[in-house]
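What follows is a pair of complexes built around chain A, which joins chain B in one and chain C in the other.
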Partner chain A sequence: MTDVLRLENVVAGYGRMRILKGVSLQVSQGELVAIIGANGAGKTTTLMAICGMVPVMSGRILFHGEDITNLPTVDIVRRGLTQVPEGRRLFSDLTVLENLEMGAFQRRDRSAVEKDLEACFQLFPVLGERKKQLAGSLSGGEQQMCAMARALVARPSVLLLDEPSLGLSPILVRQIFDVIEELNREGTTILLVEQNALKALQCANRGYVMETGQVALAGPGRDLLEDEKVKKAYLGYS
Partner chain B sequence: MSRRNRRVEWFTLAAVCLAVALVPLFYGFRGQVPSTVLKICIYAVMALGLHVVVGLTGLLDLGYVTFMATGAVLTVVSMVAVADPETGTLIIPVGGRSLRGAEHLFHFPGSYLLVLALAGLVCSALGVLRGLPTLHLTGDYYAIVTLGMAEIMYIWYRTAEWTGGPQSLWLNPPDVPTLFGYKLYYDSAIYYFLVLMVFTATIIGSIHLRDSRVGRALSAIRLDPTAAMACGVPVSRYKLTAFAVSGFIGGIGGSLFALWSNGFSAIGMEVWESILLVCCLVLGGIGSVRGALLGSVVLVALGEILRQKVPHYSSGVGLVWKAWPPEARFLFYGLILVALMRFRPAGVLPDRVAGDPFPPELARAWSERATSLFRLGPSRKEASR
Partner chain C sequence: MEEFVAHLLNACTLGAIYALIAVGYTMVYGIIKLINFAHGEIYMTGAMLAWWFVTSLGAPLLLATAMSMAGCALVGALLDRVAYRPLRKSGRLAALITALGMSLSLQTLAQLVFGARPKAFPDESIPPFFTSGWKVFGTTLYGKDVAIWAAAAASMAGLDLLVRRTRTGKAMRACSMDPAMAALMGIEVNRVITLTFMIGSSLAAVAGVLYALKVGGNIEPRMGYYAGLLAFAAAVLGGIGNLRGAMLGGLLIGMTQALFAGFVSSQYDFAFAFAVMILVILVRPFGLLGQPEAQRA
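And now, the complex of A and B:
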């Protein structure tokens, strides 16, 4: 297996404040990798650094072996790395369809985009029904689906998901995770940040546990689920 | 917007342009009505230019008058510029004096179209220049910086020698540019139709821009710049494009305005003009093309009406006819905006809002409230009891 995404000792933060204190991780082709960790551990910051939205102070980020550290976000998206940001961040005054079209902003192959939109509506039938609705008036779950669909129409080779289950009912959480696993099965490499550690580790090939800006623990998902420390800190066993 | 709404929109806008074209049939080209219509059209053009930054990109520009002033001053200066008959150097005759025997430098066939384009391009560059240091500002910070920059330009224009400074630069009849062999006097047919053409082109352009890929990207930037970036929108480049387009239209509007007012006076280019244009957008509904037109019609027409003599009540004398002081219009603008914020915070013709744009219950409550204002005594129903 080859590394698609690789972080080497990445130090990053806001202004002079260092949030990531040397994060190293890798994601291989076709893998589903989960990052779990407490609030404020730096999970979101890690994804932002990968996308070039938070400046990296030292270390490198490699994508398909190429150095993409501190490249403009536009170029990173063009290479096939797309993020579904924390809290969805849809364009509230645009319709669902327009949001999805924004996702395909960099693509020029109009007819292929149309096909992918159709595929998205197959994957998320609710969105098909609500094409013309303003995204801001969707329910939380529908918004999450819309955000994922928007990322998917960019045809990413690696998808970064930041807390897709945030604020969703248990049924919707299951639905979202089903979609994530299906996407992964179809060949999309996924890096998933989750608070729902149990769900995330169950479906992930491998997992990383982050603590205060560093990777504290790494290993196959099943192993992490068995780990005493993880059980205690993130799975709620006492 | 649905296809039906879009058709309604095109129909409305075409009707507006047609109405403007038909005005001279009834009123001719000279006089209060055509002059007001022209001013409305010019302000509508500028409002649509401002709309690119305020409505689409979502940045509050409080210094748009800079483009208007720059377009106007460039036009007037290039039209009055003459070559000194003795030394051959360029002279700008300030204060209405004209040089006997001097040759106009920029009067050749089609020169006004060149000047018009130039006014637009210079303002476009100015917009980009102004945008570069403010690329990362949003909200109040952007508004304050544009306000400050406009003030700097205002002070420059008011004190510089080449702009006439505090005096006015008049376009005397020989200075007025020619187009296709006709003088572009402010009350000439050719000027009227030039303005109408620019007005129509700006409307069509605005709609196409809004529905284009660029317009969509600008909307995305307005709604969430971070998410727009994550979608692969080159945010800075698109913002600069918006500034350039907005400045271009402002410069064009300013140039036409210079012909309308037959000269340039820096004193008339105060911050209030910026505010007025913003008010036009707010009144009609920020982000809406039809709204920008409606706002310009209402506010500019109101300003012109208030310049007319209106009946005043004077104690002891009774009703007398006199004009309001020019500042009075801002009192009315203020009142209109307060009422707007109370009753239709999204503007009168917003482009799109979630749900019903004007719920019937609100309409009823609104009209009841309005009528109750006039019911000072007991209502008819109560009185009959």
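And now, the complex of A and C:
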């Protein structure tokens, strides 16, 4: 198996504050990998460090075998890493369609972009119906779909998802996870950060459990679901 | 009646000029949340450069204006690169004080290079259309006013179209809403900021030339000071960060000032224009077309 994305002992943070204290993980081609953990464990910071948004102090990040540590964000995105950040972060005063166009900003193949937009509207019909509407006027679930569609039209080779289920109703959470699994089946490699540990581990090939800036546990999703410690701390069994 | 129409025509012209300056303030504020106090000096530089191109190189007025637009775009881009970009991660106050410093520096520089004596475009450089006039309601409508309205309207329509319809314009709006997210989409935020400075600066150059044509001269290093302040007030009145708001605010402030100067007192016209701005802000703190930031969830 070839690693698409590989973190080696990554230490990262803001100023003198270290949030990641030596994180190592890897994601292989076509995998769906989940990172779970409590608030403040460093899950979001891990994704931000991968995208060059948080400075890495030591360690390396490799993408398709190339060192992308501390490269400018734009260069990293152009290589095929796209993130759907926590809280969707849509451009609220742009329309749905314009948001998607921003997702495809760094692509030059106009006709292929048009096709991908159509494909997105197939995958998320509600976005097609509302493409002229301002993104800020969408409901929470629609916004999450819009954020994912925006990332997909960038044609990423790895998709980073940060808390896609946050703040959504149970039905919408299911829908979002259905989409994630479908995308993965179609071949998109996904690194998923989630609070909803049960859902995340059920659909992930492998999982990492983060605690205070480090990887505490790693293994196949099913194994982690059975792990006594994980059950107690993250799945709500006592 | 004649007097009213005459003042109204003047008011529209002044308003159009302020609107052209105000869009520069608002665009830069929208994207980096900086009040670029040196913007008034870019406007001055625009008039100054055009005058220099006409008198020293013998360029026709239109070409001189185009060259001055390019020159000011360059000055604006440099200003950002040299003065503001290094401070992007520092507090807003540091950048604000730098902007004040740049305003004074550009004023002084212009005085050193061009001298403090007020200058005017030579009569022979001004197209005959500008001095032709028609009788309207007993007063004279001059070609220069019509030309100024046309130039301002065309520039602003072009700008509006650019920002709303083009890929670059959409990227500009995306950057002003969430620069970090724009970077995550592969948008080069710094390049977009440079472009914003260039566009705003070239429109300020147009405004500088138009103003000099309107008043028949007065091109001097300090001309950007009051114009800049009033255009800033206009941007705030319209809702800072909002493009159409700046256009509307510019028109309103210019008209308020000109009508007050015409009918009441030309000594307190600035004060009155500011008073109107303050009153509007008291009732609508985010300006006429602005939105409270908290509304954007």
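Quick note on the criterion: the second predicted complex is superposed on the first by the 238 of 238 C-alpha atoms of A that agree within 3 Å, B and C clash if a C-alpha of one lies under 4 Å from a C-alpha of the other, contacts with A are read in each partner's own complex, and residues count from 1 in each chain.
Simple rule for what comes next: a contact is a pair of C-beta atoms (placed from the backbone, for glycine too) under 8 Å apart; a residue touches a chain by one contact, two chains touch by 3 or more.
Quick caveat, the model's predicted, so the values are computed rather than measured.
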Side-by-side fit of chain B and chain C on chain A, or clash: clash
Touching partner for A:Met148 - first (chain B), second (chain C), both, neither: neither
Contacts of A:Lys132 with chain B and chain C, given as first, second, both or neither: first
Partner chain in contact with A:Leu168 - chain B first, chain C second, else both or neither: neither
Chain B versus chain C as contact partner of A:Glu98, first or second or both or neither: both
Contacts of A:Ala34 with chain B and chain C, given as first, second, both or neither: neither
Contacts of A:Cys51 with chain B and chain C, given as first, second, both or neither: both
Residues of chain A that lie at the interface with chain B and also at the interface with chain C: 51, 53, 73-74, 77-78, 82-83, 85, 89, 91-94, 98, 101-103, 105-106, 136, 150, 154
Interface residues, chain C side, partner chain A - complex: 167, 170-171, 173-174, 177-178, 180-188, 296-297
Complex contact set, residues of chain A against chain C: 51, 53, 73-74, 77-78, 82-83, 85, 89, 91-94, 98, 101-103, 105-106, 136, 150, 154
Touching residues (chain side chain A, partner chain B) in the complex: 51, 53, 72-74, 77-78, 82-83, 85, 89-94, 98, 101-103, 105-106, 132, 134, 136-137, 150, 154
Chain A-touching residues of chain B, taken from the complex the two chains share: 2, 213, 216-217, 219-220, 223-224, 226-234, 352, 354-355
